[in-house]
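Order as written gives the chain letters A, B, C and D; numbering starts at 1 within each chain.
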Amino acid sequence: MNTPLPREGAVASGAFLYPVRVYYEDTDAAGLVYYANYFKFVERARTEMLRRLGFGQERLRAESGLVFLVRRSTADFLLPARLDDDLVVVSRLAGLGAATLDLDQEVRRGETALVRLAFQIAAVGPSGRPQRLPPPLRAALLSLNEATKMVTAHAR
Amino acid sequence: MNTPLPREGAVASGAFLYPVRVYYEDTDAAGLVYYANYFKFVERARTEMLRRLGFGQERLRAESGLVFLVRRSTADFLLPARLDDDLVVVSRLAGLGAATLDLDQEVRRGETALVRLAFQIAAVGPSGRPQRLPPPLRAALLSLNEATKMVTAHAR
Amino acid sequence: MNTPLPREGAVASGAFLYPVRVYYEDTDAAGLVYYANYFKFVERARTEMLRRLGFGQERLRAESGLVFLVRRSTADFLLPARLDDDLVVVSRLAGLGAATLDLDQEVRRGETALVRLAFQIAAVGPSGRPQRLPPPLRAALLSLNEATKMVTAHAR
Amino acid sequence: MNTPLPREGAVASGAFLYPVRVYYEDTDAAGLVYYANYFKFVERARTEMLRRLGFGQERLRAESGLVFLVRRSTADFLLPARLDDDLVVVSRLAGLGAATLDLDQEVRRGETALVRLAFQIAAVGPSGRPQRLPPPLRAALLSLNEATKMVTAHAR
């Protein structure tokens, strides 16, 4: 992370890295980032990760009626972020079902993890029923995953 | 305002009064209400005013395809609101065109005006073109206005 | 829940009930409540529950330097809420440590659970270190809990 | 604007240009950007403009106790922005007093102006009283202004 991340994020170290600057709108009277706003930061990162893989959410919806819904979230708030902080959201694929997606996301300041989140995400069709992920999207997600594994292997 | 306002607001003194409590989500690291959030407070008040007059926005959209869009806003930020403040949004009709609506709104803490706002609002149809306000809605808005004038006259 | 809830919520059925109306600001382009906003709704409910028990957060901070921080959250998003929905947040004490608090919260539309959330909350002092909950606050929280147990016993 | 803007914005054509991508969090059930959120977009742009001129708001507050408050805003909402739109906020200095600052800001999609805003901003000290702008900040703001004038002159 020595070169600045482009605003649309980048694939690096086998994960998707997305930069977030903390503005006044993100903070609260305690002087910290308001806890619900981390869920906005990571949703921006998920959106850019999909776009980077070639699957803009607007196009997915228009072409195959597919929408992503968060089914379950867990979040561990380890340390607070503050006004003007330059954060990075690190996103990794943790699981892939026929119509579901598990993602681990971490909000970091430098090398320090501030918030760790895990998401179960469902792909649903226009009727709200589960819809299988399109094969090209599956392949793109798995290629990100493979990159992750290789890098992890290298690191040992 | 000696009795507490119901959460959906009330017509009183010829205006529509709507209560807002300030929560952490509304504040920022300066310890004050973040300026953009006053625009949320007054939009809630406009929604409840219309509902009180018998015109829920969901029903208006479903029945006549009518949607309200803010065309112009001005806001004077006189004094800041803070965490835990119990505010009131006072809304008054300032003008009524065929397909437009002018509203004056004030965010108050007790008798003190904190923010004064003025809005030009357009009624548009499904195509995005201006759409005449339904006559019953016009009548309801004017009756609120008449109540205002009478009270103003009394006050002199 | 036959009589409307006051806007500051109420203790009933051994839990704390807090009403939330869904406005445009809460929704997104999918036509549903944006997922991060449920975390705002339940934080409002926690704030009003503490105020109802006699412990406004501003007073707690001023008198004993005590602030509450969410350490962990889990959320199951079962069904979506929509514009104009009239929701209720049901909050129950699930655990009480020396300087921590476990809360179960549910966002409901009528009798239907839409989102189920669980929170681990820490009481911290001005230095950011854990701070024991003041005995009167403990007693007030436990009394809410006792009310819950009694009602649960009655229901059997 | 043929090369992509860096995420922290850039001075170009005598103005400060700051890019904003529209995410789900910014939209509402009407499928458009919620009107209050444009005020967030332009505040991000003001923050980055000041940082670019060498005056991060955190540093200004720490070193001279100076905080910027919006005193007055006007906004003309010409056309709506939508999910996934790639917007640019164009900011220009419109006036400079001893302790005040006038800014014109425009939210654009490509060459199309969507929202035009004007702000009167006050510099206040720790007591909340007006505080003169530090001379180096004045000089930096005026240099931006001079750049604007030159470019305007060239364009004629």
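We take it that contacts are C-beta pairs under 8 Å (C-beta built on N, C-alpha and C of every residue); 3 or more make two chains touch, one makes a residue touch a chain.
Note that this is a predicted model, so its numbers are computed, not measured.
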| item | value |
| --- | --- |
| Any chain that touches subunit D and subunit A | B, C |
| Label of the chain whose CA centroid is most distant from the centroid of subunit A | B |
| Whole-Å gap separating subunit B and subunit C, where each centre is the average of the chain's CA atoms | 28 |
| Distance from subunit D to subunit C - Cα centre to Cα centre, in angstrom | 37 |
| Where subunit C touches two or more other chains at once, by residue number | 24-25, 30, 36, 40, 43, 83 |
| Residue ranges of subunit B in contact with subunit A within the complex | 24-25, 27-32, 34, 36, 82-83 |
| In the complex with subunit C, residue positions of subunit B that touch it | 4, 6-8, 19, 21, 23-25, 40, 43-44, 47-48, 56-58, 83-84 |
| Residues of subunit D that touch subunit B when the two form their complex | 30, 35-37, 39-40, 43, 67, 69-77, 80 |
